[in-house]
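Heads up, there are several structures right after this.
The same subunit A turns up in both complexes below, where it pairs with subunit B and then with subunit C.
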Partner chain A sequence: MKGKYKSFLKIGLISLLAAFSLKACLVADIPESNITTEKNNENNSFEIASAKSVRPFKNIEINGVDYIQARGKIGKFGGTLYTSTIGEGPKTFNPWNAKDATSSTMGELMFDGLVATDPYTGEVVPQLAKSIKVLPSNKEYIITLRKGIKWSDGKPITAKDVVFTWNDIIIAGYGNTSMLDSIMVNGKPPKVEFIDDYTVRFITPEPFAPFLRILGQSIAPKHILEPVVKKGKKEFASFWGVSTPPKNFVTSGKFKLKWYIPAQRVEFVKNPDYYVVDKKDQKLPYLDNYIMYIVGDLNNQVLKFEAGDIDILGVRGSNVARFKELEKNSDYKMYNLGPNTGTAFATFNMNRKKDENGKYYVNPVKQKWFNDINFRKAVDYAIDRENMVSNVLHGVGAPLFTAESYSSMYLNHKLKKGHPKNIDKAKELLAKSGFKWNKSGKLLDKDNNKVEFNLYTNAGNTEREAVGVMLKQDLEELGMQVNFKPIEFNVLVGKLNNSLDWDTIIIALTGSSLEPHGGKNVWTSTGALHLFDQRKEKDLKNIADIREWEKELDYLFNLGAKTLDIDKRREIYDRYQEIVYNQAPMVYLYSSLRIFAIRKKFGNINPTKLGGMMHNLEEIYLKE
Partner chain B sequence: MSIPVYILKRILQAIPLLIIVSIMSFAIIKLSPVDPLAELKLNPAISPQTLEAEKERLGLNLPVYMQYFKWLTSALQGDLGISTSGEKVITRLMERIPNTLLLTTSSILLTWLIALPIGIFAALRWRSAIDRILTVLSSIGMAIPSFFFALLLLIFAVKSGWFPIGGLTSVNFDKMNIFQKILDVAHHLFLPVLVLSTAGLAGLQRQVRGNLLDVLEADYVKMARAKGLPENKVIYKHAVRNAINPMVTMLGFEFAALLSGAALTEFVFQYPGLGRLILEAVMKLDINLVMASLMIGAIMLILGNLLADILLKLVDPRISLN
Partner chain C sequence: MKKRINDRSLRSIVQRLLKDKYTFTALTILSILYLSIAFAGFIAPYSKEFSDRHLSYAPPSKVFTITPEGKLSWPYTYNYKRTFNPNTFKMDFKLDRSQRYYLKFFSKGDDYKLFGFIPCDIHLFSVDSKNGRLFLLGTDINGRDNFSRLLYGGQISLTIGFIALFISFPIGLLYGGISGYAGGKVDNAMMRLTEAIMSIPSFYLLISLAAILPANMTSSQRFTLITVILAFIGWAGFSRVVRGMVLSIKKQEYVDAAKAIGAHPLRIIAKHILPQTASYVIVAITLSVPGYILAESGLSFLGLGIQQPDASWGNMLKEAQEYINVINRPWLLIPGGLIFIAVLSFNLIGDAVRDILDPKSKLN
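The block that comes next holds the complex of A and B.
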């Protein structure tokens, strides 16, 4: 019975996909021309939300309580904001256990951290902390907490909670251990010391630039969680799960769980005792309720927005033009937040090692091509990124040339414009390395091998499949024979990770707009995601085949982590992007734009590139 | 053989069957190329140690046959294990089973309550205008793919605004009185039930009609008429009772489909039922959850067959349980 329905579903999905890809073909059939550029302009006609300069947050003291004063307009109290999340919904409400984005978002809504990111400038600003002092050694951080702020059960939030969260949960390895991974400096965790009820000292073994932002990790109520932690990791992993009655939560954030109905919605109610006030010193948030529907897929989300069930929608692809068209006579306004942190790229397997059986992972003939900088740069110059953006992404994207995404604070501004497609230059580069063309225009290397290789991507992602076809066509202009093969995502990861038997792959990674250090897993020569020359554990003992520029990347990432001065850091990460740009082990293709539609009835909607739509959720209010 | 002995015998027969089903399901799941850790592996923030710990937590570091025995021993003790999200499988299933039962029982009830009278009605007015209209309607009902019909209704709901888009309850549900609550749920159920009933209704109506037409030709009906019984008695006492026998077997199958039959409709309507949960579990290779749902499916099918056999015996004394 089930099998039958599954196959029905498959047929349904396939026919939908077919419909979509047909549409893509139709668009692609239009010759690359003015039409596409026009389309591009039309979609970009609304400007990217620009970060207006806003005064910094102000601490103010009322009746012995240290509040933050918000920066927006004075609004009205009451009302509900409806939003949605795609997928299964939260798996836990315990932010220290959360392993997926939805669960983390909900956890972070309920539990604040010591610091947060200023959505306008990207600076680290105090949240539960009142002030942060970094001592000149760049290893010690003195955090002063706000006085008088409380957990939702009325107990004060003190340094004991902070020390407990860090020492007994994170450093002790409870919950999601990737938190612990991110704070390890040379394999050692930071020291966290209690000084008095409102002061904590953090000491990192070495200067570690990403650390300050990591302090944004949610703080836990010690009086509730200490008994749980004592019972062990298993008990902690199931604590504050999705079947916990909402009244059992003791929280510190803007909103608190009111009701969770599996596969339907999560309802949050405002925290009446939150420590942010508006300019009239009235306690925020303005909204009474914040409700998140759990929807199964993108189409359903769009339907729900059109039916008025939800107030905000991330608009994608071909929907953008339609929504923009309807915007004039509608009750919503659209915002363009610029490119997202996703970076799609094509990469070459530059691996020169042999597997356990003494066989090369990559055919030695192909190894020579992929390790030839002129070959890689020729591919880079042959790609028409503009065409990909206008035809595959429907103009809702931007060509990408750097390893850091456009939204990154550390984007190399000299490189971001990149270069246009230049077939002549590509051919010149190939000729420099002894490549030649036969009578039928096919490319041969200097040993007369025909240049032919496989290009993989994950099947089912229509966007990436279309990009693969375009890349294949672009490279055929150089006489390369590209066999484009979309394969299952799992199989693809297996190839990247384990069997290493691939030539070229198109895939995307998500970066961070605030902290480039996360890229170390990709760019350092021993990284677990060093895709273009993956070194397995056995290879790590004796790294003989490391390239000069890989060494420099190792050095830069190491240095970048230790440098706290933002201008010096910028130089370091500019240099890393320059190396990647020049060496082109990964050829970056595009990023998608983040476009949102939100109903006009809400006030204080001040989207920023770094903070997104809802960074000031406590200030958003219902106009009438 | 008395009925209780027969039931016992069938249950004993079911045990090896269920074990074979479980071995086959487990093997097929394990043969699928899905790697539950694929996404973690491609996440720059995840360290190899975390990956290793996750492997151990999910029991993926053991050989496949050991994984199976581990699952089997705990399942025999009534423990269905934990799902990949860390919750007990049984809690996750229990969250959804009542919703799915609500949807399927209401659509089955609706289907049978409408299909039986219409089928009888059509058979009695064979080849009349109304029979032909019903034939056309039921052909359409059978021909329209349920997911497509569901999509059409969904678009209708968006455009008209008369029906909610998915879900089972409204936002202010907790503030309603019991009467409003029933209305609210019915409002949400209307479209999915309509989709599920349409296909079933059309098929069942045709079957009732066909069976009754066959029976009306039988000798004992002619005999009953010849001996001068009133037409009412001929039809409802003799013909319909005989025509309904094959339907009882169908009821058994309907029972089997109670939990698994609505998956597709649930998915389109974003209904918080079992089907959506299991589809997501299959995609993520949440093995304990998938196994539990497959076993439930098998058990329901066996129970449904048993139920049909016993009902048949009760309805038709000629049938022997041997």
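The block that comes next holds the complex of A and C.
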């Protein structure tokens, strides 16, 4: 009896299973209606930051103090803005010592410079300075300081502080010396002279166009730092580090350190003596506190924003579409600030030198390929940038063809459109240099060597690995054999700087949207980041293998630094981008877009392409 | 006595394994997995490099058997069409219903090498046109077919364990055998060495080794080297157990007999002692395979094992690291599911084998 039930049960189960699998095999093809999806697209585009016409900053005098009047709406006092930074957090709060981006940001929040960049127009505008006069020789700058503004301990900010910062810290080589490198003109630093308590004169050995912006370097309080500087560089390097009690800081910026909990958050409190006022002459900033969380990674940051812990988020990749979709029913608004200053590129090792042991860094056979302009241009033409942007960046980016990024004021507008992928043209170029294809479609050079080389990038970065896979496929269309190898970042850097034993690399650099002179270290033949033909110290003594176009780049960067007229400068930097475009030592790939989400509860959010989201932090206020 | 293992012949072991329904299920699953990866080239509709750039992160293809008119039809699929809205940055995939692609079975397709050496171009299934795309489990960031890559990736992920075993078990057996048989000071010294090896934190060692491996290695060389590294730190614990067993076995009369005849110690170890540990060895083997599978996946997930463009389950799972992908593209999690299933099956079988071969160690 029992057995009978059991077999019934078995038959039942099997027939049920059969029915289900049959059901799974029968899938009806029912076209979905198209009405719902089309409707959503109305009124859904991004707020795109643009240079709206804003009146310039105005200096006003109240009770003998020279204030700046802000340009935004009148807001309310109080409230806190929560933001975040990815990584380990600041390594120091001393802006003259900072070597990483997070530390610099924190330092610059607390210490203002003489000048700043107008976030709308990109012009240099006074900050701690009240006015700047450039004498006709283009070598002398007369800076007049604001009267009556104070350090956070009540002492006045005077010309003595400016002269001290420049002569005793920067020019004396304290802290991060890259600042000193960037102000050297023909190997000489500028002269800084004290004229009276509120006037300073800067004299550069020669006209130096980037100098005006360099004056934005934070100014230090002499009465606090002079004793430290006297004790030597070591003492200075550890001064105002992360373990300093917040009350010891004497600052000039909008915010002052209140509390730092390592690996968790940095809290800033407003500076009640700040020299910016609103249209009602009330002292800014509006916000009481500015708190920065230190988060481990991007995912963590996104989750923190969704949980409401932070108020502003840089949104990337496929998150953009999701956040945009949720925006309608949410408490945040999204802004598109256009492409960032980052430039991702692939570069060839064009090095023709030998190492200490007399061995070539690059195999002489490969050297010939990489030094062949047709080979490099063929690679350039074979790359499918459009699909890199849509697949790897999820559309949140733009294909890039120039050495200056899209956001740069000096972008060469003739070249920015570039060219589409063109395999036929690439093959034509290769054929011109004597490359040929064997029966199985593999590329051979003139001397019948198979074209095979390595392509490196840093491992663990999904974005870059995907780009590498695409690039490999693109080049295989030309018959090249590409061995794509993601390697550890430190190993990669070691190869770039030291061992120089690489063929091609995919990597990215960040630039500046305001000052192209920063590219000097990449593009001049002696530069420290002259990636495609890195010259080590011993090579620098006698540069014999310099190419004609490298010489021209050297000349252009030298000339560009000395030219102050903006239109003439543009011509010079247009030419440099043209050379890079034509010679293609670095093949540019793409830039990503800067897209931010910020809570609607904040007022005076006026993002600009040049200034970013927070350029007017002192004016941002909490609406409710 | 010597015939102990043969008494419980292989057949009876297999029979008892098959009787247990959990073990039976696990065995079936593993057989399916291993058969699939053995015939990967045949089952996979695409090669592991094939990519359609216009279909990055495309969802799984839909296969229909009933037409919109309601008629029964030979299974067919549509291609996806990607649309991008530059205002919302939304990437949408819609079926392009203008062209139907019918499924074909046992048809010609890309060339591949069956078992690595038989040139072949017949695929189990594909669609009837070169323009048709059949992505059963969707695609990855480069528009490569996930289903095909899972099969090719499995070839690495599921075999790495066995290759490692071929290195670690002979070493462990011999080392443990010699140590146990020799006894005394030799035993003492040899066991201290295994302790030293066991105290190496294996995962950190692997991470640091992966970082310093020469960069110009091919993925298969890298794969072999990782296997070897895994094996060389994996034998120590095993050899200690073997040594313990040998200590008791060497006191048996037949060992004395062998000694009396004048057999060489190595012969005694290999011929008379080690075969007695077979039951333990079989159990240890089945139970350590999943460990190697997990180690490979972990390393590849961190970007230090098998690297792009080659596939392994670990490096495929890496794409699911971004949490947005888990929400929008759940098919990227499938390699994780497969790792889970494979490891679970191995553990179930290992447990069952232990219960059969070594009834004393059975709990309860």
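Miscellaneous remarks
Basically, the second predicted complex is superposed on the first by the 577 of 624 C-alpha atoms of A that agree within 3 Å, B and C clash if a C-alpha of one lies under 4 Å from a C-alpha of the other, contacts with A are read in each partner's own complex, and residues count from 1 in each chain.
Criterion: contacts are C-beta pairs under 8 Å (C-beta built on N, C-alpha and C of every residue); 3 or more make two chains touch, one makes a residue touch a chain.
Everything quoted here is computed from the prediction, not taken from an experiment.
When the two structures are aligned on the shared chain, A:Asn97 is found in touch with subunit B, with no touch to subunit C. With both structures placed on the common chain, the touch criterion links A:Gly460 to subunit C but leaves subunit B unconnected.
Shared-chain residue A:Trp259: touches subunit B; no touch with subunit C. In the superposition on chain A, contact of A:Gly468 is made with subunit C only, not with subunit B.
Of the two partner chains placed around the shared chain by superposition, subunit B is the only one that A:Ser238 touches, whereas subunit C remains out of contact. Of the two partner chains, subunit B is the only one touched by A:Thr177; subunit C is not. Applying the stated contact rule after C-alpha superposition, one finds that A:Val295 touches subunit B and leaves subunit C untouched. Contacts of A:Glu325 after superposition on the shared chain: subunit C is touched, whereas subunit B is not. By the touch criterion defined above, A:Gly518 reaches subunit B but does not reach subunit C. 303, 488, 490-491 are the residues of subunit A that lie in the contact sets of both subunit B and subunit C, per the superposition on chain A.
Chain contact summary for the complex, subunit C toward subunit A: residues 49, 51, 53-54, 56-57, 62-68, 70, 72, 75, 82, 84-92, 95, 97, 141-143, 210-211, 215-216, 218, 302-304, 307-309, 318-319, 321-325, 327-328. On the subunit B side of its complex with subunit A, the touching residues are 33-35, 38, 41-42, 44-50, 53, 85-87, 91, 95-96, 145-148, 154-155, 157-158, 161, 164-169, 171, 174, 256-257, 260-261, 263-264, 267, 270-273, 275-280, 294, 297, 301.
By the touch criterion given at the top, residues 1-2, 5-6, 8-9, 12, 80, 82, 87-88, 91-92, 97, 176-178, 181-182, 237-238, 241-243, 259, 261-265, 267, 291, 293, 295-296, 300, 303-304, 306-309, 488-491, 493-494, 496-497, 507, 509, 511, 518-519, 521-522, 528-529 of subunit A touch subunit B in their complex. Residues 25-31, 37, 41, 44-46, 298-299, 302-303, 317-322, 324-325, 384, 387, 390-392, 394-396, 454, 456, 459-460, 462, 465-466, 468-470, 472-473, 483-488, 490-491, 495, 595 of subunit A are the ones that touch subunit C when the two sit in their complex.
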